[in-house]
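We call the chains A, B, C and D, going by the order they appear; numbering starts again at 1 in every chain.
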Amino acid sequence: MPNKNLKEDLKKVNQFKISEEDDILDLIESFSDTGFNAKRLASACEIYRDMVNEQECIKFFGLAGALVPAGMQGIVHDFVKEGFIDILVTTGANLTHDIAETLGFHHLQGDLDTERHDDVKLHNQEMNRIYDVFLPNKVYEGIEDFVSQLEIPNNNMPVSEFLHYLGSKLPDNPNSILKICAEKKIPIFCPAFTDSGLAMQIGFHHQNINLNHFKDMLSMVNLAWEAKKAGVCIVGGGVPKNFILQSLQFCPNAASYAIQITMDRPEPGGLSGATLREAISWGKVNENAKYSTVIADATIALPLIYLYLKKIC
Amino acid sequence: MPNKNLKEDLKKVNQFKISEEDDILDLIESFSDTGFNAKRLASACEIYRDMVNEQECIKFFGLAGALVPAGMQGIVHDFVKEGFIDILVTTGANLTHDIAETLGFHHLQGDLDTERHDDVKLHNQEMNRIYDVFLPNKVYEGIEDFVSQLEIPNNNMPVSEFLHYLGSKLPDNPNSILKICAEKKIPIFCPAFTDSGLAMQIGFHHQNINLNHFKDMLSMVNLAWEAKKAGVCIVGGGVPKNFILQSLQFCPNAASYAIQITMDRPEPGGLSGATLREAISWGKVNENAKYSTVIADATIALPLIYLYLKKIC
Amino acid sequence: MPNKNLKEDLKKVNQFKISEEDDILDLIESFSDTGFNAKRLASACEIYRDMVNEQECIKFFGLAGALVPAGMQGIVHDFVKEGFIDILVTTGANLTHDIAETLGFHHLQGDLDTERHDDVKLHNQEMNRIYDVFLPNKVYEGIEDFVSQLEIPNNNMPVSEFLHYLGSKLPDNPNSILKICAEKKIPIFCPAFTDSGLAMQIGFHHQNINLNHFKDMLSMVNLAWEAKKAGVCIVGGGVPKNFILQSLQFCPNAASYAIQITMDRPEPGGLSGATLREAISWGKVNENAKYSTVIADATIALPLIYLYLKKIC
Amino acid sequence: MPNKNLKEDLKKVNQFKISEEDDILDLIESFSDTGFNAKRLASACEIYRDMVNEQECIKFFGLAGALVPAGMQGIVHDFVKEGFIDILVTTGANLTHDIAETLGFHHLQGDLDTERHDDVKLHNQEMNRIYDVFLPNKVYEGIEDFVSQLEIPNNNMPVSEFLHYLGSKLPDNPNSILKICAEKKIPIFCPAFTDSGLAMQIGFHHQNINLNHFKDMLSMVNLAWEAKKAGVCIVGGGVPKNFILQSLQFCPNAASYAIQITMDRPEPGGLSGATLREAISWGKVNENAKYSTVIADATIALPLIYLYLKKIC
C-alpha cells in the first residue's frame, strides 16, 4: 500500500510522446511510467531483462496456445537460441506443429474474418482450422512418415528425453523448437504429451511405448530444487503454467521473477487466469518477487519482448 | 444462412414473463426463444437432454477448471451417478481436490472480494488460495498419508485403471467423483496427471511408478471408434477438451451433439476458446451436429443444467 | 483480511447436492456457501433482497447492453412493476428497441451459430443484426410513424420528462419499459440519448428540439443527495454505470448496496469493468457496503435474480 | 470463402524472424503474414495507412476508455496534430482528464498490482482510483476554478462548439486534445457529455446551460452524408462507437475502412464487442470494406499504430 503522504510518494503518469525516430526501446521506456497493460508490458520487459542479466537465474518458460500455427515458431526458437529460456514446458500441440513446419510442411493463412470460414467446406477439403489458420490433413501424413520410421531407443524413457531424441532426428531448420532444444540440451517438458496428434501417431506406430511422465515430474522438481534463483515466463496458461508453478514450490526461494502473458482472467477461478499474486500464497512465487501479468495476445506481446531483449541484453 | 424470405421464416424473439410459480424448466423453456447466452444455455440443456434420452449415445464429459474447490464436487458426482456421463476426462487438480474432500478435508471460503486477500499473510498461515477459496497446506499431509500407504498394483498400469484403483481405496463418500466412477466403472481419463499435487505425492512415494499414458490414449480412441453416436460436454476447455476431440476424429460419425460451457473465447487462437464449429473442419464434430457454446461460469451453468436434466429426463 | 487463526474462522465450502424438487431458492441458497461466480450470484440475490426489504433504500438500476433485443424486455418491465427499481438509467438503444416492441414490432431470432450469418445478404434483405438477433429495417419505419406524429410539449424539457411523455403516448403493452416507468412515475434517465436510432428520428422530425441533458444530470444528483440509503444494480456497465456512480458521490452515505452483472473486466482500465471496490476510493460506494460483481451474461443472471426476488420478497 | 483448390490459393503462414536491427515497420510487416491478433494488428496498421493516404477519406475516430489517465493523452493529441483524425468522438471522462492534465495537474501511478490497493485508505486520502492510476480529488478543485470562471457564449450552443470554446480557453499544452482540436478545427463530439465530472461542474456553476446535443447528432449525420469515402477507427467501443456507426448509415457508401481496438467480445451481445462484420448488415460498414478488429489493450496497440503511421506516411 502507498505510504501516508501519497502526494509526495507517487510518480506522475507520463504523458509521453513518440517521435518518428523512436524504436522499441524508447516505446517500452515510455510505457514504464504509464498505466494499464502498456505499463505491465514495460514491466514484463524489464523483469525479463533482469532474469537474463542475472547469471544464476534459471528461466522457466511455459508455452501454451497455438503459437506455432500463428507464425511464432521462429521467435520461440530464438528465445531458446539466445539463452532466454533454460527450461521449456509446452503442449503436445505446439510440438506437433513444430514438427510439421520442421519437416517442411506449412500452416496456411485463412481469412482474417473468421466468420467467412465455412467449416463444412473446409472439412470436405481436408483443411483443419485453428482460428484463422489452416493445417491441411496431408501434413499429418508427413508427420506419420517421420514418426513411423523412428526407432524408439527406450520405450520407458522420460518424455523429455524422447523429445530430445525427436529433435536430434529432425532435419536442420532455422525455426525448429525441438531441434534447438536438442542441440542446446535445453530440457523440454510436455506433461500432457498424449494429448496431441504427434503422440497419437507415435502410439499407433509404436504400441509398446510407455514414456515415463513421472520421471519428468521429478526431474522438474529437481531443477527447481537446485535453482538458486528462479524466473518464470508464462505464455497463455494451461498445463505448462501449473507444471512450472507446482515445481517451484520446491525451489528454495520460489520464483524471484514472474511474467505472465495471457488473455485469461481470474474470475472463473481456473489456474490459467489466476494472478501471479495468488501464487505467493502457495509459495510458488516469492513474496518479494517482481511480477507482471500482461493481458495481451502473445502473438503481439512475445515478439515485442523478444525485440526488446535483443536490443538491450 | 436464412432463406430468401426472412420475414416469413424467422421466429420472433420471445419477450417472456416469469411468474412466481415458475421453476427451472419454465425458465429454460422461455430462454429457448430469446438470444445471446440465455438462448445458448437453453439450447445446451436441450442438447444434453437429447444425449441422455438417446440410448446409444456415448456421453463424453471434459472437466477442466477448479470446480471441486468451488463446491461442485457433488454435482459432478451426481452427473456420473445419474448416468449423464459415460466417459470422464479431467485434470489432476480436480482429482487432487476430490481426494481431499473424500478423505474428509475441506476447502474453505475466502472473501468474496479477492482484492482483500493478502497472499503473503496467507502464505505465512499455510493457506493456498484458489481465487476466493482456500486450501490449507495440511490437507496435502492428509493426502500424503493416504498416498504413501497405497500399494500400487502395477507400476505400468494405465492412468485410468490406476484412478479406478484409487477410487476403490477411498472411503465411502456421497460426493466423491473418483469413488462413483470406480463403482460404476465409468472410465476416467487424466492425460496430464503428473501436472498435479496428487501425482507429485504418488511420484515421491512410489519412485518406480510409470503409469501408462499411451494406453489411455489408445483406449480413448477405441471408445470413440466404437461409439455409434457420440455426444460431448466440455466444461472449461483445456486438456480434457482436446483429448476428447482428438479421439472423436476416430468416431465413425464424429460428435452428433456438442456442448461447451466456458469463459474462454476464440480470438486468442487457443483450443479452449475455439468454437465448436471450428471442430467441424477437423471432423471432430459432425456437420449436422447440434451444438451450443455457452459463455458462462460453469459454477452457475452446470448446476442449472443438472437441475434441468433431473426434472425432465 | 481473515483473522489470525484462519482454521477456526473460515467456513467450509459447501459441496452441495441438488434434488429434483429443488427450486431457484434452494439453488441460490446452496450457491451462497460455494465459490467463484456461483457464490457471487447468490450474494447478488441476497443483496438485492436486502435492498428491496429496506424501506428507505433508493434502488438505482443501470441498464446497458442490448437486453430488449435478447428478449429481456418483460423482465425489466417487471423489475419496475414490482418496485425493484426506483430510478432507471439506460441507453438510447434499449429505448429504441422498447418502442419497437411496444408498437407491435418484433425482433427476430437468427442462428445460434453466428458464424453462419452472411451480413451482406442480411444487408440486402434489410435485416440489421444484433449478434444472433435481427431487427428488420421496416421496424424503423414504424417507429418513424410514431415519432413524426408526436407533438413535443416543450423543446427544452429534460430528457427524462420527455421519456415519460413518450411512455404516456405509447399504446398499452404488458412489457413496455417506457410505459411502466411513465405510469409509475419512475424516473428514467438516458444521458446518451442522441446516441440512438430513436433520437435520430426525433431530431429529423423535430428540428427545434433541444432536450435538456443538464437538468437531468442535476436531478440525478438531487435524487442521490436525498437518498438516506442507496442501492445500485449495474447491468453491463457503460454510461448508465458511470451516470449512477457519479451521482452517488453526492449521496450522503454513498451506496450501501451494490450489484454488478457484467462480462467486462478491470484489466483494460475502462469503467465498465472496474470493480465495485474501486468505487469506494471515489466515495461512490460506502466502505461498509455489501457488494458483489457477477461475471455473467445478464440474459442468464437477471431472470434468475428476478425469480429469486419474486419468490422471497 | 476460399476457392475450391485451397492448396494453391492460400498463402503460407510466415514463420518470421526478428533481428536486432528491426524496427516497428519490420515487425508489422512480419505480422501481416501470420495469424491471430498479430495479423489483425498488422492489418489495422495497413488499413489506417490507406485511410491516411487516401486524400478524400474522412477519418472518424471513436475514443472510449480511460486513455488519458493511462498516459495516452499525447498520442491522441498527435493523432489529431498529424492529420490522422478528421472527426473525434469521445467520452466526457477523457475530456475531464484532458482538462486536468492541460491545466497542469497530473494523474499518479498506483501499484502495478491492483490487489495491493486499499480503496478505503485511498478514499480517506482523497485519491480516486482508475485501475492502477490515481486522480487526487484536489484536481477537481482545479478544474472547478477553470470552469467557474468561464463565460458561456451561448447556453444553447451545440456541445461540439462548446468543446472548441473550451479548447480555446485552455492554456497552451503540447498534449491537450481539446486544445489541438480547437486549433485545427477538428470537430469533437461527446454525445454523453453530462456523464462526466467536467459536465457536472459546468452544470453546477452555469445553471442555465442547455448545450444542444441534437444539433451535434445532425451535424454528425451531415459529416457522414458529405463524406465521399469514410474510414473509422474505434478504440474501446461504447457510445463513441455507436455514435459514429449510426451516422455512417447516412454515408453514401458506408465506411470503406474500419478498425477496432478493443478487449470486448461479441458473445454478450453489446455493441462494444460486436464485430465490424455485423455492421455490414446495418449498412454502416461497406460490404467491400477493409476491416480489422484487434483484441488488444489500446494502451499497447494505439502507440504501435501511431509509430507505424509516423514512419510510413
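The criterion applied here is as follows: contacts are C-beta pairs under 8 Å (C-beta built on N, C-alpha and C of every residue); 3 or more make two chains touch, one makes a residue touch a chain.
These figures come from a predicted structure and were not determined experimentally.
**Q** With over half of the numbers shared counting as same, classify the subunit B/subunit C interface as same or different.
**A** Subunit B vs subunit C: same; shared/all numbers exceeds half.
**Q** Between subunit A and subunit C, what is the separation of their C-alpha centroids in Å?
**A** About 41 Å separates the centre of subunit A from that of subunit C.
**Q** Just give me the whole-number Å value for how far the CA centre of subunit B lies from that of subunit C.
**A** That gives a centre separation of 32 Å.
**Q** List the centre-to-centre spacing of subunit C and subunit D in whole Å, with centres computed as mean CA coordinates.
**A** One centre to the other, that is 25 Å.
**Q** Residues touching two or more other chains, restricted to subunit B: which are they?
**A** Counting only residues that touch two or more other chains, subunit B contributes 35-37, 66, 69-70, 114-115, 117, 119, 122, 127, 130-133, 263, 265, 267-269, 277, 295, 297, 299.
**Q** Viewed as a graph of touching chains, is the assembly arranged as a line, ring, star, complete set, or other?
**A** complete
**Q** Looking at the complex, which residues from subunit D come into contact with subunit C?
**A** 64-66, 69-70, 93, 114, 117, 119-120, 122-123, 127-133, 156, 191-197, 199-200, 202-204, 207, 209-218, 221, 236, 238-239, 242-243, 246, 263-272, 274, 277-283, 287, 297-299
**Q** Tell me, which parts of subunit D touch subunit B in their complex?
**A** The contact residues of subunit D facing subunit B are 35-37, 114-115, 117, 119, 265, 267-269, 295.
**Q** Using the touch definition from the top, list the residues of subunit A that touch subunit D in their complex.
**A** 1-2, 4, 6-7, 10-20, 22-24, 27, 30-31, 33-41, 43, 66, 68-75, 78, 101, 106-113, 115-118, 121-122, 125, 127, 130-134, 136, 174-175, 263, 275, 277, 291-292, 295-297, 299-301, 303-304, 306-307, 310-311
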